[in-house]
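For reference, the structures are reproduced in the following blocks.
Two complexes, one shared chain (subunit A), two partners (subunit B, subunit C).
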Partner chain A sequence: MLILLPQAIVDGILLGGIYLTVAMGFSLAYGVLHVIDFAVGEWIMLGAFVGLTFTNWFHLDPLLSLPVVFVIFAAVGWMLQPLLQRVLSGSRGRPVLMALVFTFGLALAFRGSALTVFGIFTHSLNTALSQGSWHVNWGSFFLTIPLIRLAGLVYALAVIVVLNYLLKKTDFGLAVRAVAQHKEAAGLMGVDIKRTSAAVYGLYVGISAMTGVFIGAIVSLNASMGPDLSLFAFFVVVLAGMGYLSGVPWASFLLGLIQSFFLIYLNPSYVLLALFTILYGILLISPTGMFRKGV
Partner chain B sequence: MRGLPAWLWILLVIAGVGLVPVVMTDAFFLRLFTEALMWIGLAITWDLMAGYVGYLNFGHGVSFGVGAYATALLIVNAGWPFEPAAALGGVAAGLVALISGWPTLRLRGAYFAIGTWALNRAVMQLALVLDITGGADGMRLPAFLRPQFFSWVMLGVVGATFLVLWLLLEQAPFGLKLKAIREDESGSLAIGLNPAKLKLQAYVLSAVPAGIIGGVYAYWITFIDPASTLGDLVTDQAVVMAIFGGLGTLIGPVIGALLLFAFKTYFWAYLSDYQVLYLIILGLAIAATVFFLPDGFWGTVTRRREGRRALQKGMALAHFPEK
Partner chain C sequence: MHRKGWWVVAALMLALGLTLVTGPTMAADEFKIGVITSLSGDLATGGSVTKRGYDLWAKAVNAQGGIEIKGKKYPVRLIYGDDQSQPAQAASAAERLAAQEKVDAILGPYASGTTLAAAPVLEKYKIPMITGSAESPLIWKQKFRYTFGTIPPVNFTGSAAIKVLAALPQGPKTAVIYGTNDTFSKATAEAFQSTAEQVGIKVLRFNILPPKQDMTPLMSAAKVLNPDLIAFGGHDEELINLVKVLTQINFTPKALIMHYGVTEPAFAQALGKNANEVLGASVWTGSLPTKGTLGWPTAKAYADAAVAEYPKDPADYTQAASSAAGLVFQAALSQLAVAPPLDEAARTKLVEVLEKIDLQTFYGHVKFATEGDYYHSNAGLTPLMVQITGGKEAVVAPADSAQAKLVYPMTPWDKR
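Now for the complex of A and B:
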């Protein structure tokens, strides 16, 4: 059993890298817009299907669809955000919960649309990297690293570097941080709140959709995978602490490790049961995350 | 007729509805009748937590499913008769709510919604992997083919639930206390209420009827599996019905349930080739309701009526519904 240990750890870290990108975008959207997006898993699923459609139409490598997927979904998110803003603001009671119900409705509609258009079957995205893998032999230990999973990690790191640059070095990032800190004050200082909020939501939706392409290539895609992915995203975000970006990487890798250890050492059919139970447990013990820095 | 007390009106309406299965004995109609009642029951019990206490319970299906499975296990494995088994299904759902509610209700806002959803998914996974529940294959119950019997049982359960909730929420101070928690939980603590205890009472109160309804459903449909009893769709539909009808009232979810169920029936009758379209419409219905009618159907209608009446009488808007 010990022989599989390095494999379990590496698998977990590679898998965790994928969740990292989604949770980053989600945390950003929550920090700036104060919206809990129940449709996060559906964005991932739709992104994967757009990648699949792109591949089937143009017969190109799915990974080449990433820019297309990003542009499409960023535009959708950009256009959708004003609606969300209207639900969040105004004279209604409990705006945050109403926004949550709103995205919950969107999630149902997206899932239904995907089931209608793409059917109930499970597909997979075949990229040039799907077949290749690295083998490492080290005494009695051995390690297999599929190239596509490695590409996923590289993608995740690239997203984080770009996000970091955007948020810390550009005027746009300054505006985003200002809006996250205090909306009214940011508006008084000349920040265009509407555009900034729409851009943040677009960014988050675009990143989640691109991640969908990777999840489709690494695991598989089907139209009803959304809710589980949403709960994975919640898992990471809650564990990290809602709105606390620095906690996200640790929480993502932990989620990946839990998944890979359950798959390798315990019964695979208990993975989801374990994850949801752990998520529930975390919420009970420390709803502000493992660093207690969430809101 | 205005002299009659409101509780008598409710009893009369329930009795009047109870006459329907006597006249209409068509099996298909009775099936729809029973199912409509079932959704009314699930919608009003969901609204108890969401509309009165202000907690979005995305795990309402847990109560329904636990009730259904407990009843099925008692009937199939222990050979119990139906009535005590269904009652114990309610007790089981109440116990699960009591045990899970104590920690879960410490969560607020979106955390509560996520937590209850995770709990629902975990319970569903548990039902899928356990041997005793039959896993994904589900459980079969002995068939008892008396459609009229089930329509009356369902009416009895849902009618009693409505009456109890009406007495507790609209007549007794309990409802006002819950609304105080909804408006300001810390404030309710400050005026001497015990929110933790009240929330737990409301949570159990919403779980027990849902559990009994689940038990009746199991014996009525004679087949249950994790997807049909613990799946997201159970909670989702109750959520749409309650929100569409109007949160924070008892009559709103009833109207919402009837409208949505009528729509669902027509939809399945005429467009059954496009079943997944139902999900799209359900989702868009929630989103559009939140967007355009945040008070729900009933809230929008009654507010307009109140406004008109107030204008006619030349007095301020009435804040309390007249008895």
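Now for the complex of A and C:
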């Protein structure tokens, strides 16, 4: 089965691309706002359903809905953040725990509402890319690259590049990094903490919702899809090191590759067991993530 | 709170306690039927299909005033217990319905795993349950005295479909078979595997996977093996994802069979033209020439009634079997002729009546096996093989109920 080696690598990277799309917004929210947002899967789910609604109304390719979905959800996130901020900065004890409970509540409310509004059934976003794939042959080696998965990976990498530019090269990014480092000091230096935090949360919600459109196109969407995605986002981010944004792609690809190799070469029945054993192993040796740069 | 406040609370609690104690001893003027099914969680889709089936029956029987016992009609009240798609929750729902609600009988869960968890609890309380959905052969092997089912086990229905394929002139010679790791899906995959080996189809790969696993790497590996047949045991979402993976890597086997889930309308809606030619196993469609002696007179009458109630989704075999489960209780309760509430002796007697029941319904013949590996499952039906044709399910075998000709091999994804 050596001829499957290139395919195993490519499948692993593409699968990692899916994890990357799910985890990057989550990591941003934690890195800057110190919020572990357990509603990330539900933001993704809602984004997917808005993409589906857009497609059904206008009969256009779902990928064309990406800007619309981003704008809608960025606005929602922007408006919601002050509520979260209130929970986080209240004078009551354990604000971090309160924020966790708050996002958990959001997740439940979103899931319940989606079940009521959109129903119980599984749907699929069918784009022009859904069915295409590239085939490459070198002698006995060959490769199949599904276009929609490749598009998902390109989207994830593009978001990472844009975020990197935004955070490292712009005044807004300077403000965001300042807020992430020391909120009070940043405030004293003239950074508008409320606006910056709201913008970051909006960005995160917008990105997650766009991810939903890709997930709906690559796999499928239904109102109960959120918790699994939140769990994977959490694991990727923990593996990368909580709050260490640059580690997220590598952690995602690692998870994807482990999964792909296990499915192809070892016993598929134990793939999740293997995945989590490796994850726990890494965390035991290096509790701050695989790069030892998390918090 | 002031001291006086506490007294008021205590008095109220006492009053409530007294009502609870005295409540159940009063004669009821209705049958209380518990429903345990998945109303939330991963299997909520299928769970609500069963709920629709049970609701339709209750509505129909109550429209006639209820079940007649000794000249008086007793309406039916359904009391729901959500099992949240988890076996442990199914057991506690059963406990609650039995101990607190004191139901007379129970209509059972959507999934096999939850049924297996609820059944022992109902043995303890001696409450008869009919499931209109669960299909794992494991349930019947346990020989639960109080548990019955209207759908034959999956090894019976699934194996029939593989045999039809094997009998084709250019039939499949090789297969890869996968199943998800839950009670029903695993049983389906195992049924596919053992039948394939029996009829001489070589099984190249057989694996049970964790739920919702991304199938791309597996299917890439399958593509190299180039099997004639891909058989998969799973639930709706996983089946949709599998077809999407196969189209993404552009691999079309000669036949793709997936048992339950392809008959759910959501399957064809989500996949569009790529749903066509996928095979499934079933026991009922709206076009079967059945004659009902109780409730709906024909399969078509039921299908029409179902669409009138739920216009968006036509009834599938699980919904029909769920409504039929209600009809079976209705027939058995009339024969038993004991007014509600049923005490333990009456409920045990009800089991004896159920074992002897021989009922023709819109869903087909219901007669429960009373011995062997299929103990208390419905032995009255003939398995059907269905194929999605033009976005709808059509029976392709056996020949006497076929609505369409079996398309084999499948049209490649990129030529549709």
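Rule of thumb we're sticking to: the second predicted complex is superposed on the first by the 265 of 295 C-alpha atoms of A that agree within 3 Å, B and C clash if a C-alpha of one lies under 4 Å from a C-alpha of the other, contacts with A are read in each partner's own complex, and residues count from 1 in each chain.
Rule of thumb we're sticking to: a residue touches a chain if its C-beta (ideal position, glycine included) is under 8 Å from a C-beta of that chain, and two chains touch if they have at least 3 such contacts.
Just so it is clear, the model here is predicted, and its values are computed rather than measured.
Residue contacts after overlaying the shared chain place A:130 against subunit C, while subunit B stays out of touching range. When the two complexes are overlaid on their common chain A, residue A:4 makes contact with subunit C while staying clear of subunit B.
Of the two partner chains placed around the shared chain by superposition, subunit B and subunit C are both touched by A:272.
Once chain A of one complex is fitted onto chain A of the other, the partner contacts of A:109 are limited to subunit B, with no touch recorded for subunit C. Once the two complexes are overlaid on the shared chain, A:283 sits against subunit B while remaining clear of subunit C. Once the two complexes are overlaid on the shared chain, A:122 sits against subunit C while remaining clear of subunit B.
With both structures placed on the common chain, the touch criterion links A:15 to subunit C but leaves subunit B unconnected. By the touch criterion defined above, A:148 reaches subunit C but does not reach subunit B. In the superposition on chain A, the residues of subunit A touched by subunit B in one structure and by subunit C in the other are 115, 228, 267, 269, 272.
Listed in rising order, the residues of subunit C touching subunit A in the complex are 40-42, 44-45, 48, 178, 181, 207-210, 212-214, 216-218, 220-221, 223-224, 236-237, 240-241, 244, 247-250, 264-266, 269-272, 274, 313, 413-414. Taken in their complex, subunit A has these residues touching subunit B: 36, 83, 86-87, 92-94, 96-98, 100-102, 104-113, 115-116, 227-228, 231, 234, 238, 267, 269-270, 272-273, 276-277, 279-280, 283-284, 287.
Chain contact summary for the complex, subunit B toward subunit A: residues 54, 56, 58, 103-104, 106-107, 109-111, 113-115, 117-119, 121-122, 125-126, 128-129, 232, 236, 239-240, 243, 274, 276-291, 294.
The touching residues of subunit A, counted against subunit C in their complex, run 1, 3-4, 7-8, 11-12, 14-15, 18, 115, 120-124, 126, 130-131, 133, 135, 144, 146-149, 218-220, 222, 224, 228, 259-260, 263-264, 267-269, 271-272.
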